[in-house]
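Below, chain A partners chain B and then partners chain C, in two separate complexes.
Let's look at the complex of A and B:
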């Protein structure tokens, strides 16, 4: 399950939220939308293809595509498979896109809001990741 | 040439500088080139207004008098804009 993102051609870093639970992913995306606004490309995915909890590479690839920005995409993940499947998805990206996608080592909900706020200011992908990961250092 | 500006404003928003107000304040601060900081006291400690993690981490409650200081070409405009944002309850309806 993935979100639809009507926004195209935005120059800010995009945010992708990957959770085992579609409800968590959708809810985290709602928080980014309502707190940060519409200026950040945003997509989410979560849940197993047949329903239930899980993540899968195809849905993550689709979400990266939806949130794509020339400035890059920052992925926020929850647990275990969300991270390893995201890593696999990144490896499967076309070569020219691969270097512009990062997986943030940050809590999924809080990290998404922090990353989204940073991205909304036109910050670079590296700045967006550092802001999300700053949560861990506090 | 570097310019400096200061100003202060009392937070009247019901929940203080929490999640949504913090995002609004940080987003506005980031539209200026100047270095911008705020503190709950003129003696500090000063918080980087462009750092969402630090702004949200400040957990500044309602009733706090926020002291702003900015350094840079657009320092004056930055302080004025931030004070206006706080006066308008961060442009939030709840």
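Let's look at the complex of A and C:
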């Protein structure tokens, strides 16, 4: 899922996409890849533990790990349970990582593409989040 | 006295079996105003709890509650996983080594607060909190007939969610159309309160019965 260019990617903010549907998450990740290639660490997850629509704390933790960057990770979520499970996952991270993960209040597809594009420019986690969240009020 | 391991096993096991047994009803309630997965999610979570019952029954009560909570977080797959998981993990974190009614009430209060924070929610929003908050108030009142009052408060509190308009969760997307249905989370919380009250009441009756027998001997 995540391919990395070791020269650039590790310094860019990582993006995690969490949807109830694995198809939506994978599709959104494809759209981010199309914009930014492999310069942004990227991972997605979707579906309940054991299948079906839903979200899964274990899978979210694995996605954060996969997209990990020292610059931090921005998570994009679709609906309620995706947000609640992502918040739970962030709280379960090792302490030193917790402060470097944010959940963006933005639509999952558009937010992921905007966040990914911002991250590819080497922006900070806070800038990435703000860019994604500019979509909120539209 | 710490919680008796047999009683602990009954509490965890009966709550879990109750949730599994009511999966279809919870799903039907959730189909009316949500995404229709509450029953299935709770079933998956509590089947995992049942699979670990031998392990959790052998732990001290506070550790067992934390373990059950963590299983729900990992296995449920909807918002109810982190919500019920947070409830039980916080209950475990604050659970007194030698439980008294006041000590348990205090731990339950911390657990309800944690659910409010996790769900960014409170009473009157058509959620599980509409049942848990009155249950806490009943527990704090203490006194005689605690178990019947707990059951009655949970039942009427769940029924009171029917005319509410949802403010949180998937049901809030329906706006006014969420009115007229019981909240599925309120129903699962009612079932939980009812089962715990039933188990504890039976336990106390059995203890009294045994004491009377040993007195009359």
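Please note the rule applied: the second predicted complex is superposed on the first by the 127 of 138 C-alpha atoms of A that agree within 3 Å, B and C clash if a C-alpha of one lies under 4 Å from a C-alpha of the other, contacts with A are read in each partner's own complex, and residues count from 1 in each chain.
Just so we're on the same page, a residue touches a chain if its C-beta (ideal position, glycine included) is under 8 Å from a C-beta of that chain, and two chains touch if they have at least 3 such contacts.
Since we're looking at a predicted model, the values are computed, not measured.
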After lining up the shared chain so the two structures overlap, which partner does A:53 touch, if you call chain B first and chain C second: first, second, both or neither?
second
Touch check for A:72: first (chain B), second (chain C), both, or neither?
neither
Report for A:36: first if it touches chain B alone, second if chain C alone, otherwise both or neither.
first
What is the contact status of A:131 with respect to chain B (first) and chain C (second): first, second, both, or neither?
first
Check the residue A:121 against both partner chains and state whether it touches chain B (first), chain C (second), both, or neither.
first
For A:113, using the defined touch cut-off, is the partner it touches chain B, chain C, both, or neither? Pick first, second, both or neither.
first
Write out the stretch or stretches of chain B touching chain A in their complex.
19-20, 23, 26-27, 30-31, 50-53, 56-57
Could you please specify the touching residues of chain A with respect to chain C in the complex?
48-50, 52-58, 79-81, 84-85, 87-88
Residue ranges of chain C in contact with chain A within the complex:
35, 37, 40-41, 44, 73-83, 85-86, 118-119, 168-170
Touching residues (chain side chain A, partner chain B) in the complex
34-37, 113-114, 117-118, 120-123, 131, 134-135, 138
